[in-house]
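Order of writing sets the chain letters: A, B, C, D, E and F. Residues in each chain are counted from 1.
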Amino acid sequence: MKKAVYPGSFDPVTYGHIDVIKRSAEIFDELIVAVVDNKMKTPLFSVEERVKMLEEVVKDYPNVRLDSFSGLFTDYTKANNIHVSVRGLRAITDFEYELQIAQTNKILSDGQLETMFLTTSLQYSYLSSSAVREIAMYNGDLSKCVPDFVKENLDRKFGRL
Amino acid sequence: MKKAVYPGSFDPVTYGHIDVIKRSAEIFDELIVAVVDNKMKTPLFSVEERVKMLEEVVKDYPNVRLDSFSGLFTDYTKANNIHVSVRGLRAITDFEYELQIAQTNKILSDGQLETMFLTTSLQYSYLSSSAVREIAMYNGDLSKCVPDFVKENLDRKFGRL
Amino acid sequence: MKKAVYPGSFDPVTYGHIDVIKRSAEIFDELIVAVVDNKMKTPLFSVEERVKMLEEVVKDYPNVRLDSFSGLFTDYTKANNIHVSVRGLRAITDFEYELQIAQTNKILSDGQLETMFLTTSLQYSYLSSSAVREIAMYNGDLSKCVPDFVKENLDRKFGRL
Amino acid sequence: MKKAVYPGSFDPVTYGHIDVIKRSAEIFDELIVAVVDNKMKTPLFSVEERVKMLEEVVKDYPNVRLDSFSGLFTDYTKANNIHVSVRGLRAITDFEYELQIAQTNKILSDGQLETMFLTTSLQYSYLSSSAVREIAMYNGDLSKCVPDFVKENLDRKFGRL
Amino acid sequence: MKKAVYPGSFDPVTYGHIDVIKRSAEIFDELIVAVVDNKMKTPLFSVEERVKMLEEVVKDYPNVRLDSFSGLFTDYTKANNIHVSVRGLRAITDFEYELQIAQTNKILSDGQLETMFLTTSLQYSYLSSSAVREIAMYNGDLSKCVPDFVKENLDRKFGRL
Amino acid sequence: MKKAVYPGSFDPVTYGHIDVIKRSAEIFDELIVAVVDNKMKTPLFSVEERVKMLEEVVKDYPNVRLDSFSGLFTDYTKANNIHVSVRGLRAITDFEYELQIAQTNKILSDGQLETMFLTTSLQYSYLSSSAVREIAMYNGDLSKCVPDFVKENLDRKFGRL
């Protein structure tokens, strides 16, 4: 029974993340989507709000479940007996950053945590949560970036609903 | 009548920007240099100060005019019926960032906004406004980075004039 | 009257090239698509065959015309009084190579030749003529890569028609 | 039952490849190591010799089996009902090339072939089969690059055994 | 008598820095390790604390001495008659950033300051002071990242000693 | 007494190489410029011709001497008791390739060979021997690329003298 974790901020979840979730769910028997609760950052959405939006996303995938964690990612994977992490790669600058994290995690986990990369589908390679937040701030068209219910959450956040 | 816009922070304008302005003015019939008024950032110079410095720069180019905008760039270009944006590329990390913005803008504009890239001239490839601001703070030699009147504005900002 | 040249091997022309031609034709008053006749390489299609396929592509664009050249590109642009070259960028490795050529051409032309870059549309970013030739050799599906008449030319080349 | 394929030239297999095989065998239920028989290239070792060396490598992994193929990789995966391909990434230039191939394969397979990437372990990131071949030609020390039995095959190839 | 400077934040010093110090000390007759006192940043350790940790590191290298500076690096090197700066390169994104700084320093020093790069040893390529600080915050295993006395300083900083 | 080697094909030597030689000669007590005699490649100029052109270049630098070698570079440096190799970096793609070679050489030399990198001066960053050979073939202007006596050697090679 092969399980994997897909960690991320998901602030908010985008079509790019959904694409990675869908494809990873087909490769692994069990996929845990884990929301990072980073005490050092000020997210737009709380961990609870981010998990709730993801629930809407993963409800159709029986082998995907949600979780959240704070602290070291390798402490989380060790405690949950997870040995594979999945990450999406959009571009070169992503790659270098992800590579460094993957190597650090391998060392922190004594070689027990493997990171596998999926390349983001072509049509979502421009997408990032930070771009989504900036477009939402100015009420730009997000129909090609996030599902409608995420758009509504963003509108509410920026006082338009 | 082909017109293009060259958007940027220009905080302050450098010889690198001036090089892009000069070369773009030769390619397009009309060039608009548009100062971004980003409410999320704290610039060294106000939009008005940045526009005023640019006025000094573009006064010799009859087909270049100045403007400023806040909000989404694609809202600005739509409102002004502009279909080409010009950006200077210094290096790889620039390229990835600019590529992502170009693709986002293409999607936000329904394919109506095209981004064209010029590579920065060799002798200005090391230049950035943030490097200029840091050098100015320590009163370093800026003679190869910005025109004299920009140097004066920086000296005034840092209390040396 | 702003004119530009789009030089390339076009061996054969792909949907990626066609995308650049279409978008450049909207930006410039006149666009010359120039097939490079590189005596050092052994192309799959002759210059004549490549020009003929391009004729089919550009027939609907009244401001685009075809040409071919051998020797130094800067000798060609000088002889034809062309001051802007257009190139498509797919990725980082493209960028470095193109940047080096753009700088060499600027120096060889005494600053008279400017290179402008368009980024390839997302859906064609994976496409290259060499990939098309390899897929054609094994009779793979090229319907998303090249127009039907190019597919026919490839089938004929590989003895399938 | 999740199966994956790890395609490559393996000319010859290095400790870098072995590292990817070992780690992939832990992630997937079944792993097929598939030697590419590229008719356009002149390898140092024949497909048979490369498969034979790999046999020595995989004999201790019960869920790994060997195969070889010529023609389009996506024809091979379709015929064998394989939906995941594994590739090792050493560096940025690898990444761009692999990304382009992954996207091409996704399109050629109508979205049926997924590519997952593992980053090469730190201590093997400098290794490539072409470097191994060049070092072997000059009889350099290969003890940190390939297993002894591969070293012997190289010595024989270069007439030293 | 060739002397060189190795400038950095060293907040805190890692095995990666120590590797660069050790290797540079073998190449140059005299090496100055210079701690940057950047007034714009809020470091975890004060300049004094950082210098003290480095003292422990360099005590066995007779041709290495410590220093600190604020202001422009090129003002520091001019005042100390230093003509070579040493920097470690871990990855591509490092390279672009370092390249831009090297070129700026060359211009600010009128060509009197040369920058030489060493590539970080394989086993330390994942290491950065910021990763160390983050791992320390969560009390992760730092035994492969920093010497014991640095670990103690980090524990004290985060209230665990 | 610190000595270093600058290995390369120098086919032919360009202003970019000369810039690296000049700057390295100021950093090291003794610099050996070593022409690689690669039996696998077909150079434009023979090793003897390349050394002769370099003699003209280095005659004004008393601490620089010429040499040539075939076989493994690390065998050459071991035989000559050299512990530092110098390489010029023009761009990212250079960097990755050079990094891989530097790491391979470190391993092949049991950590006895250190590679240091200089970044190419801005005005020569577009220059490569292969570009020079192609421009020379078409009799383009090489005055900003190579010294006059190299231009004459190229003219003779291409039958123009």
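One rule holds in what follows: a contact is a pair of C-beta atoms (placed from the backbone, for glycine too) under 8 Å apart; a residue touches a chain by one contact, two chains touch by 3 or more.
Treat the numbers as computed from the prediction; the structure is a model and nothing was measured.
J.: If we look at subunit E and subunit F, which chains touch each of them?
T.: Touches both subunit E and subunit F: B, D.
J.: Please identify each chain that touches subunit A as well as subunit F.
T.: Touching subunit A as well as subunit F, we find B, C, D, E.
J.: Among C-D, A-D or D-F, where does the E-F interface recur, judging by over half of the contact pairs matching in residue number?
T.: Most of the contact pairs in E-F are shared with A-D.
J.: Can you tell me which chain lies farthest from subunit E, using the average of the Cα atoms as each chain's centre?
T.: For subunit E, the chain whose C-alpha mean is farthest off is C.
J.: For the copies subunit D and subunit F, give the interface type as same if over half of its residue numbers appear on both sides, and as different if under half do.
T.: Both copies, subunit D as well as subunit F, present different residues to each other, with under half of the numbers appearing on both sides.
J.: For subunit B and subunit E, let me know how many angstrom lie between their CA-based centres, rounded off.
T.: That pair's centroid distance is 34 Å.
J.: Would you mind pulling out the distance in Å between where the CA atoms of subunit D average out and where those of subunit E do?
T.: Subunit D and subunit E have C-alpha centres separated by 39 Å.
J.: Give the residues of subunit E touching no fewer than two other chains, as numbers and ranges.
T.: Residues 92-93, 96, 99, 103, 122, 125-126 of subunit E touch two or more partner chains.
J.: If two chains touch, include that pair; go through all of them.
T.: A-B, A-C, A-D, A-E, B-C, B-E, B-F, C-D, C-F, D-E, D-F, E-F
J.: Along subunit D, where are the residues that touch subunit C in the complex?
T.: Per the touch definition, subunit D meets subunit C at residues 71-72, 74-75, 92-93, 96-97, 99-100, 103-104, 107-108.
J.: So in the complex, the part of subunit F that touches subunit B is made up of which residues?
T.: Subunit F residues touching subunit B: 92, 122-123, 125-126.
J.: Residues of subunit C touching subunit D in their complex?
T.: Touching subunit D from subunit C are residues 90-93, 125-128, 131, 135, 138, 140-141, 144.
J.: Show which residues of subunit E lie in contact with subunit F when the two form their complex.
T.: Touch residues, subunit E against subunit F: 2, 23, 26-29, 83-84, 89, 92, 95-96, 99, 102-103, 106, 114-119, 121-122.
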